[in-house]
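Structure, as structure tokens:
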Amino acid sequence: MSYEGWILLTASLVGLTCGLIGVLLILRRMAMMADAISHTVLLGIVVAYLVTRELSGVHMLIGAVAAGLLTAILVQWIHNLGVQQEASIGIVFTALFAIGVILVATKVGNAHLDVKHTLMGEITFIPWERIELPWVGSIPEAVFMLTLVLLVVLLALAGFYKEWKITSFDPALAASLGIPVLFMHYLFMALVSVTSVAAFDAVGAIMVVAMLITPAAAAYLWTDRLIVMFVLSAVFGVLSAILGYYIAYWLDTSISGSMAFATGLVFAVGFLFSPKYGVLAKSIRPVKDRGDSPKVAD
Amino acid sequence: MIGLSYNAQWVLLSTLILGMAAGTVGCLAYWKRQSLMSDSLSHAALPGVIIGFMVVGVKQLPVMIAGAAVSAMLGALLIQWIRGSTRVKEDAAMGIILSVFFGTGIMLLTFVNRLAGGSQSGLDNFIFGQAASMVQTDVWTMTAVALAVLVVAIAAFKEWKLHLFDPGFAQGLGLSNRRMNAIYVVMLVLVIVVGIQAVGVIMMSALLIIPAVSARYWTQSFGWMLILSALFGGGAGIVGTLTSTLGKGWPTGPFIVLAAVTWFVVSLLFGPGKGILVTKLMQHSHRKQLVSVHRTGSVKEYAE
Amino acid sequence: MQPVLQVNNLTASYRKNRVLNNVGFEVQPGTLTAIVGPNGAGKSTLLKVILSLHPRIEGTVSFFGTTYEKAKSRIGYVPQRGTVDWDFPTNALDVVMMGLYREIGWLKWPSRLHREKAMAALEQMGMADYAKRQISQLSGGQQQRVFLARALVQDAELYLLDEPLAGVDALTEGAIMRTLKTLKDRGRTVMVVHHDLQTVEDYFDHVLFLNRTVIAHGETAHVFTKENIFRTYDGALRWIGEKFG
């Protein structure tokens, strides 16, 4: 595959995976949690490096999952102590992120990590870092990791589809039915962490947030059916990735930034023009009039 | 302060005042239940900074601050619009604005850096903060804005208390919710845009959240909470900036955050308001009292 | 006598539903009126709309023959208890003083006189001992009494209360109703969104049946009938069978 082809493939995989996870983020109102985790995985990566002295993919994934779970646990703990949910998230993620940055900036253990790279990604390096696989031959490591993560996400989503649905919509009911709500929560946080890290190399931390939240939010404006939302979100993710790449090519600028920008464009289209929930459609539709049957049964 | 250069003293002063303003506004944000809005808006400020730079051609702080303010305000308005007119909820709206604006900012930043032939032009400092790179005029701007914010918070103290506690009732008394919200957003944006040079875009929200939450553990009075938030914020600013001077090229942002977090942990454990230690001690003494009540048979104290 | 409150042809919607449709009524001074109706009938919305806290589609509202803006200082509003953050660091006295903020004036500090007024209101509600107590440490009934004290301190001529008796203990219910009766005896006007049909006849001399529009309005003795209740609640209620035989 050509150089450009690899980049587009990587970007599409990011869009696809993030788009899928994003649907649950939106429905479970955990968008800011995703923001938090995408920052704290930096610490996870740094610690993993300090411990293993290797920057390999698997170690990063483990470090990331650990960081993501730690974030979720700490947020829950602080919230249980009486601090508002949003404030708890803010405290935990800025603290962990600051520690991560300090570790890197003070070059503790001589980390060769480039913080800016982690934040902003450098997808142009992707095709060069390759690994050898049986059958497939030499492919970029990032593509391998992303495909792996995508498979995991698909399995997790498909396998527990009913459980995701009910724990997102009505956790109290789910708990009363014996579904392990807390386990699902932490499983989900783990999936978010893994997706974040896999996408880092390509788009960096901040843009992962864009890919996680915005396509799913756009899909939310086009449909009422969960399965359609998943599909649309994935499609929008891929669309934004490709669109972003070409914008960056045209302007000769950061690919990841452009992709984030592209997610915004896709969202804007839905925000304005969606026939069901778009702004224009709403302003044309009159307020529903039920004035002829004035009574309401208690 | 002996041994610090003249410039360093100015920097220290500005982070002190910034910390105080951030702590104060952060206290308001906490009771508005909008702690993470600051995260979203500070990220949203980035494109404005870059555009401000692009318009003038050189790094001129007032222009960049103005750009940042416009950008952040635009972000705030869009969040409101999305939240108000579609079923997308506030957390998702904040996440969208945060990432899309920031991504756009990075897009512009890279564009500018490549144009200028790779020169960093100090714009990168807006991401992690570099208080040391500020010059005296920068400090004056920051101080002026921060003081304005503090004045507004103090002068309208009882109005803030009323608005935050019971906005419905406040509206009934004639205190316009809309006006208070607008003033609050302006204060928030101002603190953010002057603060991002010292603390950086990513960690600005820490200064707005952590000191205020820490103050909660020391008092049950709103007035004291405001004062303590300001003190804790200022303290974090000073301690953090001083610590960052220990190493060459260390960014100030993370150290300020770390200072704030450390104090938060202390407050959490030992704060008389709702601190863990105090709560455990109270429970322990209650249990002892209960035991003695059972022995003496006197339940007068426990009748509600 | 000039009506304290006059509503004509009021129409409003909440989310996508038309929750008030052509509502019209007049309230005379010195009356103690219960607004009753099923959930979703628009009772809370009615109060909010006439206080300009919620938009209206059409209709007119006048207080003491003039607009709400001009009459604001003569009206006291006690919203539902659930809308407040109980974690907020403030005590009972502080909350009552908030009722005086308009009187104190914007950007000015409260004086000792204001403090005494607030204490007096707390005394009237039997909450003087709790003046310095954190509101989160008060029981539901005590919180409600503090809110009523906050309304009393405004010394209004017309009081609008939204479900003040919901979820309060018997002692508090008694204290609140005694206070409202005292207000009425002093010539003030009180309207209460009330949730409990069983106590309407004991507490209120007027009643307004609301289910998106006014089903009936007038003196309790005349208007509180089985037919009106049926028409408003659109279905049989068991206790009616027990009461009316």
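Each chain gets a letter, A, B and C, in the order it is written, and its residues are counted from 1.
Just so we're on the same page, contacts are C-beta pairs under 8 Å (C-beta built on N, C-alpha and C of every residue); 3 or more make two chains touch, one makes a residue touch a chain.
From a predicted model like this one, the values you see are computed outputs, not experimental measurements.
Asker: Looking at the contacts, which chains touch chain A and chain C alike?
Answerer: For chain A paired with chain C, the chains in contact with each are B, in label order.
Asker: Can you check which chain pair, B-C or A-B, has more C-beta pairs in contact?
Answerer: Of B-C and A-B, more C-beta pairs in contact link A-B.
Asker: Between chain A and chain C, what is the separation of their C-alpha centroids in Å?
Answerer: Centre-to-centre distance between chain A and chain C: 48 Å.
Asker: With chain centres defined as C-alpha means, what is the inter-centre distance between chain B and chain C in Å?
Answerer: 39
Asker: List the centre-to-centre spacing of chain A and chain B in whole Å, with centres computed as mean CA coordinates.
Answerer: It comes to 26 Å between the two C-alpha centres.
Asker: On chain B, where are the residues touching two or more other chains?
Answerer: Touching at least two other chains: 33, 216.
Asker: Of all residues in chain A, which are in touch with two or more distinct other chains?
Answerer: 82
Asker: In the complex of these two chains, what residues of chain B are touching chain A?
Answerer: 30, 33-36, 38-39, 43, 82, 85-89, 91-96, 98-111, 114, 124, 127-128, 202-203, 205-206, 209-210, 212-213, 216, 247, 249-251, 253-255, 257-258, 261, 264, 268, 274, 276
Asker: Can you name the residues of chain B that touch chain C in the complex?
Answerer: 31, 33, 155-156, 158-159, 161-162, 164-166, 168-175, 216, 219-222, 224-225, 304
Asker: Along chain A, where are the residues that touch chain B in the complex?
Answerer: Against chain B, the touching part of chain A is residues 25-26, 29-32, 34-35, 39, 81-84, 86-87, 89-91, 94-95, 97-99, 101-102, 105-106, 115-116, 119-120, 206-207, 209-210, 212-214, 216-217, 220-221, 247-248, 251-254, 256-261, 263-264, 267, 271, 277-279, 282.
Asker: Provide the residue numbers of chain C that touch chain B in the complex, in ascending order.
Answerer: 51, 53, 72, 75, 77, 79, 83-85, 88-91, 94-95, 98-99, 101-102, 104, 106-107, 109-110, 134, 139, 150
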